[in-house]
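Per-chain numbering from 1; labels A, B, C and D assigned in written order.
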Amino acid sequence: MRREWMTIIEHQEIARQTYRLVLKGEMVGDVSEPGQFVHIQVSKEYYLRRPVSISNIDMENKTMTLLYKVMGKGTDAMTEKKVAEKVDVLGPGGQGFPIDKINTKKALLVGGGIGVPPLYYLAKQLEKKGVQVTSILGFQSAEQAFLTDEFEALGDVYVTTNDGTLGHQGLVTDLFPYVKGSFDTYFTCGPTVMLKAVTSELTGVPGYISMEERMGCGIGACFACVVPSNDEKGYRRICCDGPVFDAKEVVLS
Amino acid sequence: MNLHQTLPGLHLKNPIMPASGCFGFGKEFAQFYNLSDLGAVIMKAATGEKRFGNGTPRVAETSSGMLNAIGLQNPGVDSIIKNEVPFLQEYDMPIMANVAGSTVEEYVQVAEKISHHVNALELNISCPNVKEGGVQFGTDPLLAEEVTRKVVEASVVPVYVKLSPNVTDIVSMAKAVQAGGAHGLTMINTLTGMRIDPATRKPIISNHTGGLSGAAIKPIAIRMIYQVYREIDLPIIGMGGIETAEDVIEFLLAGASAVAIGSANFKNPIICKEIIDELPVTLKKFGFQSLKGAIGGAHHETSRAGVFRA
Amino acid sequence: MNLHQTLPGLHLKNPIMPASGCFGFGKEFAQFYNLSDLGAVIMKAATGEKRFGNGTPRVAETSSGMLNAIGLQNPGVDSIIKNEVPFLQEYDMPIMANVAGSTVEEYVQVAEKISHHVNALELNISCPNVKEGGVQFGTDPLLAEEVTRKVVEASVVPVYVKLSPNVTDIVSMAKAVQAGGAHGLTMINTLTGMRIDPATRKPIISNHTGGLSGAAIKPIAIRMIYQVYREIDLPIIGMGGIETAEDVIEFLLAGASAVAIGSANFKNPIICKEIIDELPVTLKKFGFQSLKGAIGGAHHETSRAGVFRA
Amino acid sequence: MRREWMTIIEHQEIARQTYRLVLKGEMVGDVSEPGQFVHIQVSKEYYLRRPVSISNIDMENKTMTLLYKVMGKGTDAMTEKKVAEKVDVLGPGGQGFPIDKINTKKALLVGGGIGVPPLYYLAKQLEKKGVQVTSILGFQSAEQAFLTDEFEALGDVYVTTNDGTLGHQGLVTDLFPYVKGSFDTYFTCGPTVMLKAVTSELTGVPGYISMEERMGCGIGACFACVVPSNDEKGYRRICCDGPVFDAKEVVLS
């Protein structure tokens, strides 16, 4: 992990209140797995860093793509950063989806809202390994949807929206009947309520979930970001033991 | 410039150390720089048994600071001695153990055990984030004196007592722990605070209240150290909002003999190392010939020379 | 949205007022907006005789805040009644007088005189910046109760007691002034702090210590209001670091019935007016049907509805 | 007085650590006297505003010129502002040199360091009124000197530097013998120690001094910026009763 002032190569709104930020720097070479994140200092005005998942990597050009949604003051201030400015980034952090350690032939990816970005780099890496990828992407509405075309290029894609303005109206789990049999492992990222729904419907299937929690250090030292675990140790730190966990490892609350 | 400083139990090559709870047990920071460069390390709090701590969220952002309510999560003193201390001992710097508990007995038990493995103890009677024990020892002079006395008796190394700023009269707290036999003071711990999220209408921190740290509290830390330095003849390790070498000098001038850096490690994991490198330059810039020349300097208004302590 | 709020002695058209000492006697701000738009005005402290106050520098900047040690400079209660109150009375909003003193007798004398000319008193037992009187009344429950009782007896209008945050136990202070007959509370005053200039090696503020205000102290104010609201049935006017309409909602949720804005007036002299204009929009944005629906809302975790108080 | 987001028209270093900042906005029309100041919010990172004197006014183009020296964090951060950016300015503040109320034919201007800027607009206004202007400008060294040419255009100028790298080596008061008889009124701005030296050497001559003190509000409400006065009232507020005072009005400490 390193702290680096990375250069903004691209920065634009790609959906309502959702931005693509492309950063260039040496840190890109350190990224080992899809699902890792970076910890961004927006400005001196915001005391804590903001964790954002890595959505794509271009090793050759040393760039990483982040997709973020404006959720509060820090992400709102981030939108004002301009191309060529530098940003204080700490990363890459945490354990991603362990695609090199597991044996999957057919993967189901389930993403909700701003949980979709890390699944994109995952989908790309899986496809590269010859894994068949099926994705279910859930958004609030059509104007908040993004990356659907990019996922299409990598496999079957099912889209749901809360209001029905794109794809199926309803929840990502509504579509599980349609994808039955098309996967041996699932990978999911999104709001905790979605993670709970997904894991409880897919018990029995090996699965990996990416979690969120408010962070202090982002490197494993402060114990701000813990989640209870199903073992004697009793906890995992999301920033360094996660954010990706085996679905059976942690207790969702 | 010679940054060396000797305090009870601690031979510091420089006066900079990470503050308890903000540096874990060092492992995470060892990937960023050589921990031997530090003046010392203060470990995360140890309790008698393993503790899971509070629910999440455990941190919240504030203006120039943060709230935390970790709730003393730690693997328990035995596990710390077995699994954490050996890693730190490989480095060339003194180690302080932060000792916490819910009862005097627990404090004593932890101190007894861990004092054999470290250079000094930091007696944490000021954690605002646990229901039993912790902060009431740090706000009641009689309780503070008692737990200090018992821990000093139980410990084979010097004991620094960590004072809580959540008190009307910091000097009387310092006097109480001095009477209890403390070898030094560390100050300040966090101020109890709260943030409420207008969207959820609830306190952001699951524990409701949390400890306020960061630059926001620096003026309170400086004031308390200044007051205590005037009245009590114990070395002070100062902390609370330090982010730069200039901040360190402000703490030294107020009366700190060394300093600890807490939440700033989260903004910049290399902060301790950077400040260690900058400190001699900054001391020189402000006309100090030595580290010790700065200590307590604000109390000697007519002379430009500081006084020596510890 | 109806922002009206009725508190003892105060019919507020909205819950926003400038805090004492940060608005003078209103004249300077009258050039920026119509003071009648304010919920109320709290005047600068009045003492029995004219006071020059402390030496300069009287202010220092801190991270997300400032220190001040004005030292209660004011022309004295008679001159305030004669020369300052009439100007404010031309506007259509209630006036609170901030009553200070070095002795109980002085507090009583000021209260007696000025209460005939204003709608309510704010009893300032929490000024950390004067040698005699002031803050010791605000840190000792018995003294606080006594001065409150005498001032309540002397005053012809309701008395709000301004609490100091520099205490171990804010609830017991609030209980003490309630026992003394207070009609309401205002909280918090400033936290005692210090800054030292590495260049001069002296405290920046001529008085050495000063009162810390601004966004830095907001989490402490929220915590104290939250604690006091749970235990004491008196209306609270909240203050400490308010800069936005969202901040106001945070104070309301914690338990404040109205709020005062202090140092933020220095950053932006139109801040009170701007927040008054934004408040209905922001309340609506967070789903509140009324001002009163927000008050104390953080204490009722299971329901989305707030409780009503005053 | 108003609060305005003024636009930066020009911003450059004109002497060592000394910058010229030209701002455009409606506020310019409110300036009534030389010696007034503006109160600048550098950024959200700095809690208090910074008072800076108005050094020149162009009513036609609605611009005001400020000259400031980097003295600490706020002025240092100010140097990073770029042309076309906007700055949060409160002003114009205070009472300036009361040139319309006094009767002077021959004026002596004495400026020290960063006290020189407000005297420039004063010199221009005096010259316009047909007053003969003599100036003594003191700096630490040649590389810190500025505006000397501009003052030359308006009358006799004497320069002193502490190190003798420009003009006379020594203090501004050293040059008083040279200007004897060439003035009926003096106007001075600079460090307090210089103000004391000047006023005590020129007792008997009508004089006006511009003072500095740390400010809170900058508009007269907080009483942060007081200076003791020689009357029953006992004080003046520098931000609104000053910064310019009759030399006999206030007590220099």
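Quick notes on this structure:
By definition in this document, a contact is a pair of C-beta atoms (placed from the backbone, for glycine too) under 8 Å apart; a residue touches a chain by one contact, two chains touch by 3 or more.
What you see is a predicted model; the values in this text were computed from it and never measured.
Set against the Cα centre of subunit B, the chain with the most distant centre is D.
Here the CA centre of subunit A is 46 Å from the CA centre of subunit C. Centroids built from CA atoms put subunit D at 36 Å from subunit C. Taking the mean of the C-alpha atoms as each chain's centre, subunit A and subunit D sit 56 Å apart.
Once the centre of each chain is set as its mean CA position, subunit B and subunit C turn out to be 33 Å apart.
Those residues of subunit C in touch with two or more other chains are numbered 62-65, 214.
A ring topology is adopted by the chain contact network, closed into one cycle in which each chain touches exactly two others.
Checking each pair of chains for touch leaves A-B, A-D, B-C, C-D. Subunit C meets subunit D in the complex at residues 21-24, 27-29, 31-32, 44, 50, 52-53, 56-66, 68, 70, 73, 214, 263, 265-270.
The touching residues of subunit A, when paired with subunit B in their complex, are 1-3, 41, 46-49, 74, 90, 213-228, 234-235, 240. Across the complex, subunit C meets subunit B through its residues 62-65, 67, 139, 166-169, 191-196, 198-199, 201-203, 208-209, 212, 214-220, 222-223, 226, 241, 246, 249-250, 253-254, 282, 286, 297-298, 301, 304, 306. Of all residues in subunit D, only 44-45 touch subunit A in the complex they form.
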